[in-house]
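Here come two complexes built around subunit A, the first alongside subunit B, the second alongside subunit C.
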Partner chain A sequence: MKIVGVTSCPSGVAHTYMAAEALQKAGKDKGIEVHIETQGASGADDTLTKDQISAADFVVLTNDTSIRGTDRFKGKKVVQMSATKIIEKADALMNKLEKMA
Partner chain B sequence: MENVASFVNIVTAFDIDANSKEEAIEQVINKLSESGKLVDREKFQKDVFGREAELPTYIGYGFGLPHSQSDFVKKATIGIGKLRRPVVWTEDKEADFIFLIAVPHGGKENMHLKILANLARLLMHEDFREKLRSLPEKGVRELLRDSQNLS
Partner chain C sequence: MAENAKKKKTSWWAPAQRHLMTATGYMIPFVVAGGIIFALSVMISGQPSAPTTGWLGKLNSIGAAGLALFIPALGGYLAFSMADRPGLAPGFITAYLAVQIHAGFLGGILGGILAGYAVNLLKKIKLPANFRTLSSIFIYPLGGTLIAGGLMVFVLGGPIAEIMKALTNFLNGLHGAAKAPLGVLLGAMVGVDMGGPINKVAYTFAQTQVNTLPFLMGGVGAAGATPPIGLGIATLIFRNKFSSEERDAGIAALVMGTMGITEGAIPFATADPIRVIPANTIGAAVACLSGFMFGCLNHAPWGGLIVLPVVDHRLGYIAAVAMGAIVVAVIVGVTKKKYVAEDHTENSDDDDDIDFDVQNF
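Let's turn to the complex of A and B:
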């Protein structure tokens, strides 16, 4: 299974990156390929490539603040969650997505 | 080589005696203020509490992560607070460790944001959290300084 995602949060200083790390860590633990773009106070990092997006089974987006460039995910299965929830429950989310895949 | 540690200052308060989240955060802010990291202590505190009211910054594992990118910050600083006993952070969640992030506004220089982003990522790792909890005050400051150099 492959997952891409974009994380962001109101101040863009902390939760953006913790949510990204939580998803990447949970993916690594389960052998799932995960690519996360962060849209934080210092701009976007690790911008997703077209290939990464087209290969992904699911797209995970935070919904605390609006994400730029969501038109890139047209036609994909998108899951939206708060950054806080992702930080707390990234493992559970990966399990759920694995079952849905 | 540039001295990376100068981008983000570390301030610690390791014996916080507080009965509420607000009291605990105030004591960490006092430390920042005493060491000259703030432009205006009261206004910065208002920004931090404002962010906290918007969405509590509990991140799990007994950690609270209050933060603000504020006009009233002089230099990017992390204030680490260790509490004598846990305080209620939000609903049924208690925290006994505070990681207060203070970031100034403006400027094209965003190295401090990159460093803070990296530290936020580190907090998601159990071994890093365990080190923060087990090390003495000086050790924690060194750990954070070393972590900045890795980013």
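Let's turn to the complex of A and C:
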């Protein structure tokens, strides 16, 4: 399974990167390929490529602030939740997505 | 069923909150650049008022430009978040108008909402495909600005300016103990989510009124520094209650707190919310209350110890930060159990308790 995601938060210094890290770590533990773009205070990092997006089974987005460029995910299966929830439950999220795939 | 009912209830509030947070995120760099440069020029001049002549006057004008733009940026990016790119210009213009007619931050926020709403309405007009460029180049900026700006100037601006005047007079009229409830409330809001939405509401409230009511930032600025500094101190005093990663994070938190970045406390709060969040909330409330009581005036729309040059009653401000930080450190130190290294991977893997919807975009 492959997952891409975009994380962001109001101040763009903490939760953005903690959520990205949580998703990457959870993916690594389960052998899921995870690519996360962070839209923090210093702009977008690790911008998702077209190939990464088209290969992904699911898209995970934070919903604390507006994500830029959501039109890239047209036709994808998208999960939106708060960065805090992702940080707490990244493992559970991956488990459940794996069952759905 | 229950899920649906819950969704309905939050359907307008959740996006409203998201738009506000997006806008505040874009606003903060204006505040930091403007506020700190402004503060610097005042500090170097050594006078209690903003310098107007010489190179210091010029430096001051750089800071003042940042401060002049931050409410327009708030409104502009609010509309941007609501209506995407077409919202930006109408939002900026309308919020700028709000500042011009002294409608303050309320006017700025309302101006942004009006502009975003107006552009979203205009988007509903469906033009034939070959006229589509007309919309983005003419109709959205022109129509959005005329509707939102017009409403601001002709209808809403006056009443909002009156409300702002009444609010300012009311807050200015608070003396001594009368400031206590406001101090506790604002401080607690700053501490409770450490840079999250509630913190931003309190911060923005104080920041946008820094010109007329500098005592607000005197308390809020001190409160914002308190959670990270307090937790940093706790990691130094109660070493055996923190993991080695947390002790490293403690040093970083001390630095961030000094710079006025409340977010430095977040790693501790995610690791142990039940103890850390109440400690932060109480500590920040103590700091804000003390700042108000000591009559600290902070002329920069930013917090932490870095703004000390533009604070009146500096010792009081330092004391406010110190008292709040000690409260945080003591509460965390007393309530936290001794740290025992545990195997994280084991229990987190079994935790399958999560609910979410998968949408098709």
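Points worth noting:
Heads up, the rule we're going with is that the second predicted complex is superposed on the first by the 101 of 101 C-alpha atoms of A that agree within 3 Å, B and C clash if a C-alpha of one lies under 4 Å from a C-alpha of the other, contacts with A are read in each partner's own complex, and residues count from 1 in each chain.
Keep in mind that, in the parts below, a residue touches a chain if its C-beta (ideal position, glycine included) is under 8 Å from a C-beta of that chain, and two chains touch if they have at least 3 such contacts.
Bear in mind that the values here come from a model prediction, so they are computed numbers and not experimental data.
Per the definitions stated earlier, placing subunit B and subunit C onto a shared subunit A by superposition produces a clash between them.
In the superposition on chain A, A:64 makes contact with both subunit B and subunit C. When both complexes are overlaid on chain A, the residue A:13 reaches subunit B and subunit C alike. Shared-chain residue A:21: touches subunit B; no touch with subunit C.
Within the superposed three-chain model, A:42 lies in touch with subunit B and out of touch with subunit C [touch as defined at top]. Contact comparison for subunit A: of subunit B and subunit C, C touches the greater number of residues. Only one of the stretches 37-45, 91-99, 325-333 or 343-351 belonging to subunit C has C-alpha atoms clashing with subunit B in the superposition, and it is 325-333.
Under the contact criterion defined above, the residues of subunit A that touch both subunit B in one complex and subunit C in the other are 10-15, 18, 41, 64, 84, 87-88. Of all residues in subunit A, only 9-15, 18, 29, 41, 58-59, 63-66, 70, 73-81, 84-85, 87-89, 91-93, 95-96, 100 touch subunit C in the complex they form. Interface residues of subunit A, counted against subunit B in their complex, comprise 10-18, 20-22, 25, 38, 40-43, 45, 64, 84, 87-88. The touching residues of subunit C, counted against subunit A in their complex, run 14, 18-19, 21-22, 24-25, 28-29, 81, 195-197, 200, 261, 263, 266-267, 270, 345, 348-349, 351-354, 356-361. Put simply, subunit B touches subunit A in their complex at residues 51, 54-55, 57-60, 65, 67-69, 101, 103, 110, 113-114, 116-118, 120-121, 123-125.
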